[in-house]
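Each of the next two complexes has chain A plus one other chain: chain B in the first, chain C in the second.
Up next is the complex of A and B:
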């Protein structure tokens, strides 16, 4: 892959970028030999000659892409087309809260103070793909919610790729800062509109201050030629509550690196996911919860259904530091294999250095209950629908905590479509 | 170096006990270092046939190309492989009048436990093979076993007397190039036990091996090969001790189990190598490769109680090759002071309807680190494979750590896999309940730990269970203040 050299040297974060380039050059793309990438190979992606910066600007009509928005509700929108901000499709605000662009936040002096404190602070400086993003990212969403504020409506971040240029590599960079007692709901989606190869290497930094509440929903239902590497870093302070829901239905290769750092007491971290795969899809969920201080909780619940020749990976890591007494960490990963060619690799991992803790993890791989199937079929429900119904039930734990009803309805539809059924009712 | 019972008896009769009861056993030790010459010399010393020498040299060749693995969750100063003597044998002068003579410390250990080896041997009807500093010194009950057609002897004897069996099976489960320490062991192993149970025979008594590192500056590399022919059954026990020394000693053993169609092997280990001092000085490095191959309808059950060693690195595994075969793993690993243990199992499901059970209990105290690392792999043709895993950790004090690294890989849709793990500490209310009823804290903890470990202790043969229970108590002594 060739990286073009049109990096802006005068840029305020130039030093950060130079360091990041150096780190990436030293490490390169992670290979399967690294423990964290044991089950996910990037070889197929590295063969493609991606272009990093699109040469021309592309536009889209709202009616063509309306279906990718949660259009039933009003929302703030930050929309990117081939990595470039589309003011035409977006709806940003500076009214009490800042919902705008990373590029302007990085260059305008009024944001300097916040950028200095937060930009690239929690994101790993060691991990090569994060460094790659830090070095080449030009655009993304910038969300700043001041103390005691809550935006009137949810925020949607959408990345479209038009495929007008052959193969595109995108490096979106988001920064979300939620101050004390503030609250925000964010929905993020990546969507490829053609059959051209797209690789998105996204980095999101989320800072939740004292008593802040953050709800982050990731919808991953991209075309079969789109790959996504999503790196999310979350820093939580006292009594903050952060929930991240990941719905992975589409894409060729998806890798989610979700990292929680609990820098305070009485923190609640929740990460939930539903993965339904078919064909040759590959999804790798990598979660890390680092319990640094006492009296915190973390909950993880990932459900996976794997068909055709798809492969799934779950690697959940919980670290409990010596100081983090009274930690309550819970992790669950349930999987169903519905095809002989599908496979699942899971590695729930605990590293515990404190003694007064309650940590547990459970992991299962199994099939749909034949007796439950029989029960449904004996009541006149066709096999396909019965199967879908049971899978719905299987995933429902995760869906029940989605707080935006329209989003929940949308995800239900996506699940129904993925399972190839229409039940005629919402669950 | 191996004795027959007759020889032993004769020697005992004619020998004067000039070395007294507690004197060190004078031994013959090779110069330190490892080279092709040493490998050949070991082979010569053991009067081995040529194929064996070549087999060792091949292993040595692989070993030279390998690097020491670093992925385990343990930290230690790597042994200097050129500073170890690879062969040490007690001189013929002081063989075994009774077993107590061989290792006063072992005896003391058992005295502390309230069981003497000798007594145990007689009362419990256990056949014992003692391996001291790499060499097998005595095998008891050989005659009784021979009547049934069971071969139970040292491996060097087996190489001479039953070359066809050894040749066929050695390295078939753990090949020479399997891993760094297995290659090293294949090159320099000096002795170990060999056991063959013929078709349809149910071994009438527990077979047992005791390992002992006595000499300073030596490494122990023993090799155990156990073959259970069709529809046979054997229960095998293994125990280990070493005296306290300030330097680290290396123990790199290989255990291969072969369970042919319908055979059942129960392999129990009570590992109590010297764990190092309270300040973390010295202790044994225990880097062991243990693996079993299960053919059709065979069953292998590993039970281990790990209380010793400064660093343990061990994964008794089962390859469930035959249809309907069963693998089991029951483990208690206790670490105290500066001990580190990275242990677990691998269950490789290849055949149809294979089943595996993993129960692992980790107890960490003091400044120790205890890790469970396991792999459950269901291959695409292993229809209806079933696995259940449970790993529980108990933490005592806030300076120790407990870790789990389970790998689960499923490639078959009919697989049923369950894995659960918990970490907790001994509840204050539990202690309080005991104290209130007049049970002192130390005893209360022993009681709770016993309850925690019960599922595994129950799997041990009776006489071992008692011993293990007390061993748990001893290793946690003083861990709670």
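Up next is the complex of A and C:
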């Protein structure tokens, strides 16, 4: 892939981009030799000759993509087709809050102050794929919620790819700034609509100021030819509460790099995930929570159900700095393998330098509890439904904290579909 | 109704039931007593169809049909119910949703449509009142964080909902205080009819003061060593099991 030819020298954040492209050129794509990429190989993806920018714009009819929206609810929508903003499918706003485009934020003077303070500040300058995005991203969502504000409705960010190119690489870039005591709910989804190869290398920066509340939901249920490398960097200040839910139900290869930095006290960071995979799908959850200051909490709860020849990775890193006394850090990763060919590699990684902390971690890999199966079957629930019911129950802890009812219902439906049953009730 | 003939069952190659013969007719209440490890809970699980146990000899018949190759769920559909000694906790599934699923699956097996929601709610209300179960309790996750007494009461609630032909209550009295025992026993008595039967598995005579058995059987070493009327339970309470063990070895 030749990225160099596409560098836009006139771009307002040109210096940032130049540094980023330099870093990427030095490091290139991560290989399996690196510890962090031991179980996820990008080799086969690198062999594909991806187009970096689509040659021509494509359009979509709302009726054809309606089902990918949480359309039951009123929501702001920022929609991209092959990486290009679709004003037709979107609903943005500047009414008290800014819910609009990265491209305008990067070019219009009125946003310069915010961009100068936040753009590419928490995102890694070392990680090569993040640098790749920094260098080449053209578009994404820009969300700015001023002090004490809350948008009237949740925000949906949708990326569609139409197969306009034989193989397309997308580099969406989101910036979310939530000021003091402000609140926002965001749902993000990447959706390929054809069998053509798509590789999305996304970067999202989230800044939660003092007492801000952010709920971010990632829906990953993409086509079998769509791969996603999702890099999320979150900077939290005093008393802020940020929850990221990741629902991974499909796609060819998905890598989630989710990084929390607690730059303040009494912070609450939550990472939850439900992964249900089949076929040859692969999902790799890499989480990092960096406890920098005292009196903060982090909660991680990832559940995985792996069937067919699917593979999963969970790597949860928790760093507790010497200064970060009274930290409470919890991490849980439970997995069920429902096929002999499926596999999961799970690894907690704790680096604790403070002495007055509470850290717990647990990972389990197992089959369904046979005693519970017998209990359900003895009540007349057939084996298949009993299995599904137990898997539902297994995933339920993660759903209980989803605060958008319509989204919860949607996720429930997706889970039911994934498990191939209809239980006739919602959890 | 239920006919157990020369039943032998083992787990991991170890024989636990060594030739049980028992006939239970409609309208009867049987109590099965015996010391720890005599095979009481195994008998209950084998009747309910737990696959961990292997039936090596003999048979269990329900209405003349051999249950050998019948799955636990099909046995439930045919009217077998087991109240578990240790009900399993299932976080994430409410009592109500669990019962809805169980009832509708049974109906499906019989070729019936799902029970209308209104009817279901009425049934749940009726049966929960019978067992003095609080409304809030029904929306809690199945058995999760329930006290011993709540778990047992919930088992009998499920029995009331499913209306089985043969209900096996495995140590339903253990872990119950006297008030809970009274409620549970009262529930069972109200569910009893001339068309169904109850098998009580218990250590103690206490439960039998509330649910009066027609027959009492003593299980020892995987066999029924003595059968009698309700007065046998009193005798056991008095003398313990040792005299029976001796009698059995003679």
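Here, the second predicted complex is superposed on the first by the 425 of 427 C-alpha atoms of A that agree within 3 Å, B and C clash if a C-alpha of one lies under 4 Å from a C-alpha of the other, contacts with A are read in each partner's own complex, and residues count from 1 in each chain.
The criterion applied here is as follows: contacts are C-beta pairs under 8 Å (C-beta built on N, C-alpha and C of every residue); 3 or more make two chains touch, one makes a residue touch a chain.
Bear in mind that the values here come from a model prediction, so they are computed numbers and not experimental data.
Student: Taking the superposition on A as described, I'd like to know which of chain B and chain C A:393 touches: first, second, both or neither.
Tutor: second
Student: Is A:49 contacted by the first partner chain B, the second partner chain C, both or neither?
Tutor: neither
Student: First (chain B), second (chain C), both or neither: which does A:364 touch?
Tutor: First partner only.
Student: Which holds for A:375: it touches chain B only (first), chain C only (second), both, or neither?
Tutor: Once the two structures are laid over each other on A, A:375 reaches chain C alone.
Student: Now for A:351: first (chain B), second (chain C), both, or neither, which partner does it touch?
Tutor: Touch status of A:351: first partner only.
Student: May I ask you to decide whether A:383 touches chain B, chain C, both, or neither, giving the answer as first, second, both or neither?
Tutor: After superposition on chain A, A:383 lies in contact with chain C alone.
Student: Could you look at A:34 and tell me whether it touches chain B, chain C, both or neither (first, second, both, neither)?
Tutor: After superposing on A, A:34 lies clear of both chain B and chain C.
Student: Of the two partner chains, chain B (first) and chain C (second), which one does A:74 touch, if any: first, second, both, or neither?
Tutor: A:74: touches no partner chain.
Student: Help me check something: in the complex, which residues belonging to chain C touch chain A?
Tutor: 45, 48-52, 71-73, 75-77, 80-82, 84, 87-88, 90-93, 97-98, 100-106, 109, 114, 141, 158, 162
Student: Going by the contact rule set out above, which residues of chain A touch chain C in the complex?
Tutor: Touch residues, chain A against chain C: 369-372, 374-383, 385-386, 389-390, 392-397, 423-425, 427.
Student: Using the touch definition up top, name the residues of chain A that touch chain B in the complex.
Tutor: Result: residues 35, 322, 325, 335, 337-367 of chain A touch chain B.
Student: Touching residues of chain B toward chain A in the complex: what are they?
Tutor: 71, 378, 380, 393, 395-425
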